[in-house]
Structure formats: structure tokens, C-alpha cells
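One chain, subunit A, links the two complexes that follow: it is found with subunit B in the first and with subunit C in the second.
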Partner chain A sequence: MNTWINKPTRALEEFLQTEYQNLLGNGPFSEGNGFEKLGTYKEIIEEHSHCAGCGVALGIRLAMAALPSPKDTFIVGTPGCSFFSLSQAAVNYSNTAFGNQNAVASGLKRMLSIRHPGEAKDVVVLVGDGGIADIGLDMTLHSWFRGEKITTIMVDNELYGNTGGQESGMSPQGRIMNMAPTGKKFPKIPIYDMAKQSGCCYTAKVAVSNPKALADSVRKAIILAREIGPTYVQIYTPCPTNLKVPSHQTLKMAREAEKGYYGFEEFLSSEGEKFLDAMR
Partner chain B sequence: MMLQQQREVDAEYLLFQAKREKAFLTGSEAVAEAIKRANVDMSVGYPITPQSEAMQLIGELYQMGYLQDYYRAENEFAVMASIHGASLGGGRVFTSTSGPGTLRAMEMFPVWAGARQPIVCAFMCRGLSLPPSIQPENIEMGMLLNTGMIMLHAETVQDYFDMILGAYAIAEQPEVHLPIGVFADGFFLTHTRESVTLPPSDIKLKTYNPSAAPVPCFNSETPPLRITRDPLLNKSNAISYGANASWHQEILSASIRSKKHINRYIGGSLETENPDAGIMIVASGTAVSQSREALRILHKMGIRAGLVKIKTIRPFPGEELAAATARASLILVPEFNAEGWLSREVMASLDRNSRVVSGPRVFGGMTMPPNLIVNEILSRIS
Partner chain C sequence: MYAAVRINEIICIGCKKCIYACPDPNVLSFDEETRKVSADESRCKGCGLCVSECPKDAMSIY
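Entry: the complex of A and B
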């Protein structure tokens, strides 16, 4: 990105909103304002209309802070809870129809490579579990099979949040939910393992209660997608509203899951490993 | 075959001024010849009869270097989504589909229009299940009337070639910037050979300029600093409702503004033969060719009839049609579908619409013998 296009003329600078001035002067686009300095600069997402205690909102906030090059990042999303904050984020964002995100991202990434060869333009899918593992599963997998140079990040709240807490393919087996009145009949879709089998050079599974690992995974995933191929990060982002849990207990739930089935896991292909070694 | 060096020219030169040479082509080949001269950056395809050959030929163009990228996607919804993503990125794109593929991809067409992407898609119409049919029919057009897309309907292979190139010129006008579907009746057009004329293949359309678009290109090189291309307008407040409604009105307005460019690049929304006749046939697509034959038969019988060929289904040329049929006391609308979507459009546009006979209609792969039209007319005037 040519950063000059965002600079207001000096004579008009004072008329800009303080929010916008902060974004330009002390925001995510300034060098060195990454995840490590979270809380000291104007963030990509400061306000959103998610519920109190929303795990998805926290997951997105942390992922945004970890973007290696926010000014050249394109988030492709879907309708659903994730877009409440993403549509208000200070980063390029597009959502079109439910489930098509990895196909849109494939076309976008390819066109940006045609029109801006050699420039790092990071196309990142940031979507919930329903979008990636249910309605969009074919497009998720096919983008991996084709080796598209995009990052796919799932914010996994294990249900359809925006429509009122219905069962998703990522809900745990046995949980009684809307549209699963007698409990879910099959286990979580093993999308994390499928990612490894389907051509992702880097995968990570992390809970939102582990921000350092989360940021590290997102950063690695995006940098590896630039150079090698598809990457996948799955973030556990519990939903207190639909699980009927007090909103201050989101992190507690995430920590408990971390001790059980949502412990941090990472996979790096040999090609990915070579690339990261060379960077060090 | 290797890539030929091509010079960029204006659409006017490519379509109207360049010296043309004769060729004998199927509709599928004509699509590929149009794309060869359209300076398309990227295309995505998925096989479905009768569209497959056209997209295979475009794959060959990619292999020769005429396109920068091309792939076979996983299904038509994914095709239209990927093409949308590519168009957001600021390049020129092309794809095509047929019948069930059109319906599978349906959700994306209003998205294209809503996002104001100048995508050109060729639809090679066929029957829909059940019972299954791959045969010619244009029922899918009736289902696409309200997506926000501009819709052109080709009668001949020549039309198909010219309309696809014209579609880029129309779609990319800053005041239009809408997707255009270029429709043909499958098999009748895609798989039959016709004599056509083509401009030379060493010229092509000018490169698409996304900075002239009414919506910012999604490339992080276009101000403002951040772009939410698809803002969240489903909040429950008056501002959201108003923003959503005015956006939709603007799409409809853009479609109306396309009319002058339709006049310029494809010679208007309709064409007439014997406009002063008391009997008029109104048709689109290959039903026009069958109607021309019917006119010839009627002429031999000493019956004078006229014809209106409708080239743009959206925007529908209602006023022009009313003027062209003002003197008619009998108006026939022959169609290749069971539903009769064109006759409904015609009836909605005319006063005294009891003049309109909705038919004859054939479907399921049946042909439309000119005598079917002739007999319908004879039965009405006897």
C-alpha cells in the first residue's frame, strides 16, 4: 500500500476526527504497534456491537492485533456474529454470502497477485465455525486442495450465535441446543485434522485464553500463506450468551477447555519449517 | 497456438470500425473468440452441458497466455464467488454457466449487482430438473429477472459474439458498473455453426480501469484508509433501512442509465421489422429466428405481420415496445419455456394487453417450428 494516500493535507488535518487522527498517527499501521503493545495504541477494533463477554469479539481483537501487515490485509468474512466487529474494523473487509468465503478469497488473492505481483497482499478468511465447517465446507477444503495462498481463521464458538444458538457441526457431541433438542448426535467435525490432510502448510488450534500463542499462530499463518500455501488457525471463542453462562466467565470457560480438548496444538509442514528457519 | 501480440483499442473501434473477416463458428467458439479480444484478466469455470465447451476453449486461451489466470472450481456457487472476489480485486473477469448451474449459483447474482461489480457472465440456457433435461429452454431467465443484473439475449452466434464484447463496454461505464448476463438458448446457439464476421484478433479492449469505478477497488491502494465494501446495514434503525433502500434504488437507477450505452454498443434494446403491421410477434433469443421464418410464410400467404426482437430483458424496454406495437391489434409472444416470462413482461408494459397472446410456448427440448407460430396467428385472425 502507498501510505501517502492516507495522509490528509496538512491544512485539513485539524478537521479530521480525533479517532481518525489517532488511527493514522498512533494506530495499527504505524511500525511496531503489534500484539505486544496491545493497549497502548489505537486498535483496529475498539467498538463493536457483540454481546458482553463475547469470545468471538476477543478472538477477533487479538487476531487483528497480530496481523503482520494490517494495511495490506483483506479480511473476507460471512454474515454471522463475526461481522459485527469486522465490519467496524479499520482494515479492508468484505463479506458477501454465507459460506462462500474461501472461494471469494481465492479469486481475490489471485487477482491481487495478477495486478500487484511481488507485493505482499494478505487475504485472510476470518469466519465462524458454521461458515467454515458446515455451509462452506466444500469451498474451505477445495481452497486448501488447490493450494490457495490464503489464511483461514475460524472463531469457533461451537454454535450458530447470531441466529440464536443452534447446533453447528463444531458443537460437542451430546450438547442439547436449539435444533438439537435431544442432544447433538455426532462429534465435532475434525476440520483441524482435515486441514493438515488437505494441503495446509501450517495449522494451529488455540483457545482465546492463550493470547500469546494465538497471536503467534496468526502471524505465522499469514506469513507462511504469503510464501507457501494455505494455512489454518482455529480459535476457541466461547459464547456466554447462547450457552447461558455469565458474561464474565468466558475466559474461565476457555481456560477449562484448554485443559481438556482445546489445548494448544500446532503443525508445520517441512516446507514451512524450512521457510521459518531461513527467516530466523 | 501461441499468444498473438495484441494492441489495445476502444470498444467502438473493436466493435464497429475494425475491418471484419468472415468465420464459420458455433456459439461456444464465438464466446471464446469474444474473450480472446476482451482483455480478460481471469476466468473460472465449472463443467455443465451445454456450457462446458466454451469454458474449455477459454482454458486454452489461458494456456496460450491471453488470460492471466484460470481454473476449474468446485461448483457454480464457488465459481461465481471466486469471480466476485477477483472482480473486487480490480480486474476484468469472465465466466459462464447453464440451467442447474445458474440456480446453484443464484445467491451470488444479487451480490454482484449489490457490490456493483462489472462482471460479464454468459448463460447458455437449458432445462431444469425434474424431470431432468439438458435440452434447450430458457426457463432460467425467468428466474433471473430480479437480481439487479443487466440481461442481454442473443438471437444468433453473431449476436453472442458482439453482445459479450459490448457487455464489457456497457458494464464498465462508471455510471453503470453492474454485472451483465449475456444469455443464449443452449444447443440452438452453442452447438450450431453460423456464418459470422469477426474483427481481427490482434486487437483487444483496453485494460479495465478500476479507479474509474463508483465503488473503491479492494486493493489497499485506493482511499479511504480502510474499506468495508459490504457495510453492515441490517441493524434495526432508520439509518440502516434508509441506507439499504437508497443503495437498492441506485442499482435500479444504474440499470436505467445503462440504456444510452446499450444503444451505443449493441444498437438498442430492440429491433423491429414491419413496425406498422397490425399483427406483431414479440420475441427474444432464437424464438426471433423462428419468428422471422413465420413472417416469410405469412408473407407468402399474403398476410402482413411484423416482428419486435427484444435484445435487453433487463432493463426491459417497455416504452420502446409500447411504441413499436402501438398499431398492432394482435401481439404474439412465442417462447422457449413453460412459464411464459417474456409474455408477462410484455403484458406488464403495454396498455390494452388483451391484444397479447401468450404463446406459442415450447419446452423440454422441443423445437419451435415456424408453422406453430403461423397457425397460432391464423387461428386468431380467422
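Entry: the complex of A and C
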């Protein structure tokens, strides 16, 4: 979104919604309105239809607040809970067929680098665990093998949320869910380790209860993807509705997961380390 | 509106923990001059995450 193009003429300003005026006047596109100042400016996402206490909504809200330059960012989504709030966000956004997100993002990134040579245009894939680890696994892995300069962010709620809480590949072993009445039979898909092996220059694993680390890893991932290669961030975002937990315990669940699989962990390739050192 | 958060501004210390815990955008806002958090009740879904995060028990769901 370019604020210069979207600014209305003064004569028409009073007819516009106050939300739109706030977004242009005191929004995330203004200088200095970053993650640290969250709460003092109009946010990039508008009201969305997620459940009360949704971890996915919180993960997306924090990730969107951490975008280094929101007006030059293109978000690619796929069906699932994640796109309920992404379609309400004031960023360039494209929805794709289920699982195609990384293939679409690769094409968009190449197109943008031809259309705007020398400018930093970030293409960010922000989808759920079903889109990356189950249905879109081949597309995701191949975009990493090809070394496409895109950022992939997974909001992992460990189940299929918007269809009623069925088992997904990222559910932990033994968890009882709809379509898994005796418990899931196989462990979580090791997509985080696969990302390291497949050529990602930066990978991070973080829970939604750790907002500073989340913002840091999203920023690093996007900046490294501009120059070096593919990056991957995996965010744990528990689902209170389908795990049958009261809505105020989402962050408690995330903290418990931080003691186990979702403890903060990041990996930076030697090339990426050199790049970040040069920036400092 | 079925349930929404209310903040006791006398107890609030402005630590902003609730702002980083709220899943909905533009509900909680922080005033830099008074160093207090205020809530837009019409946007709140009443999940109670901010209440569970508040270190001073300044928030409650009505």
C-alpha cells in the first residue's frame, strides 16, 4: 500500500471512514511506528472473525506489527484459519489454492524483481501448518531447494482449526482429536529440521508467548530473505476452541509448550551471519 | 456486546503486557503521556487473555 497514492483529496476527506483516515494519518506506514510502539498507533489489521482468545490471530497480529517495511510487503496466504485476519489487513495480499502458496510467492518475487529492480520488495508466505506441512509440503520444499528469496512463516496450531479440529501432520503424537479418537499415531513432521537441510539461511522456532523473540525472528527472516535466500519461521499458536481449553489459557498453553518442543531456537547460516554483521 | 474488558486506571502501571497478549487489533491502546492502558470495549471479544497477563490485577471482564 502506497500512502501517497491512497491519500484522498482534502475536499473528500470528511466522507471517509475514521478507520481509513487513522490508517493513513497514524498508521504502521508512518515513520517510527514499529513493534515497540504497538498500542500507540492504528494497527495494520482490522477487526477479524477469529474466535475469542485465538492464538493464530495473536501470532499474525504480532508478526504483522514486526514487518520491517509494510508498504513494500506482499503477503501470500492459503485457505485455513490464518487468512481470516490476513484478508482484513492493509497490505498487498493474495490468497491461493490450498498448498500453492510457495509456488505463487516464487513467481511474485521474480515478477517484482523484474518490475522494480534494485528495490527491496518482500514476499512473505504466512500460512498455517496444513498449508506448509501437509498439503503444500512439496511446493514449500521445492521453493527452498530452488533458493527463492522468500520468507515462509508458519502459524502452527497443531490441527485443522476452521474445519473442526481434525488431526494434522503437525499434531503431537498421542493427542486425541476429532478424526483421531485413539490418539495420533505418528510424531510431528520435522519440518523445522527439514528447512535447515533444504537450504534456508535462517530458521527460527518460537512460541506466541514470547513476543520479543517472535518480532526479532520475523524481522531477521525478512531482511535476510531480501539478499541471501529462503528463510523460515515457525510460530506456535495454540487453538483454545478445538483443544477445548478456556479462551484465557492460550498463553499458558504456549508457555507450557516453550518448556518442550517450542523452546526458542534459531539457526543462522555462515553467509547470513556475515550479512547481519555487515549491517550492524 | 456480551463480554468486554474494563481497566482500573488507578491500578494500571502501563507495563503493556496486555497489549502484546491481545489477539484482536486496536482494542487496547497506550497513552504515552499518562502511561496508562485504555480499552475500546466495542471491539473486545472478552477472551480474558489480558486479564491473565496483568501483573497488578487491574483488568477484569464484565
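Just so it is clear, the second predicted complex is superposed on the first by the 276 of 280 C-alpha atoms of A that agree within 3 Å, B and C clash if a C-alpha of one lies under 4 Å from a C-alpha of the other, contacts with A are read in each partner's own complex, and residues count from 1 in each chain.
Everything that follows uses one rule, which is that a residue touches a chain if its C-beta (ideal position, glycine included) is under 8 Å from a C-beta of that chain, and two chains touch if they have at least 3 such contacts.
Just so it is clear, the model here is predicted, and its values are computed rather than measured.
Once the two complexes are overlaid on the shared chain, A:Tyr262 sits clear of subunit B and of subunit C alike. In the superposition on chain A, contact of A:Phe275 is made with neither subunit B nor subunit C.
Measured by the number of subunit A residues touched, the leading partner among subunit B and subunit C is B. In the superposition on chain A, A:Asp138 contacts subunit B only, with no contact to subunit C. In the superposition on chain A, A:Ala97 makes contact with subunit B only, not with subunit C.
By the touch criterion stated above, A:Tyr236 is placed in contact with neither subunit B nor subunit C.
In the superposition on chain A, A:Val76 contacts subunit B only, with no contact to subunit C.
By the document's definition of touching, of the two partners only subunit C reaches A:Gly55; subunit B does not.
Within the complex formed with subunit C, the residues of subunit A that make contact are 38-40, 42-48, 50-55, 57-58, 61-62, 211, 240, 246-252. On subunit A, the positions that touch subunit B within their shared complex are 1-2, 5-6, 20, 23-24, 29, 49, 71-74, 76, 83-84, 87-97, 100, 103-116, 121, 138-139, 142, 146. On the subunit C side of its complex with subunit A, the touching residues are 16, 19-26, 28-30, 32, 37, 43, 45-49, 51-53.
On the side of subunit B, the complex with subunit A involves touching residues 41-42, 44, 68-69, 71, 73-75, 77-79, 81-91, 93, 107-108, 111, 115, 218-232, 235.
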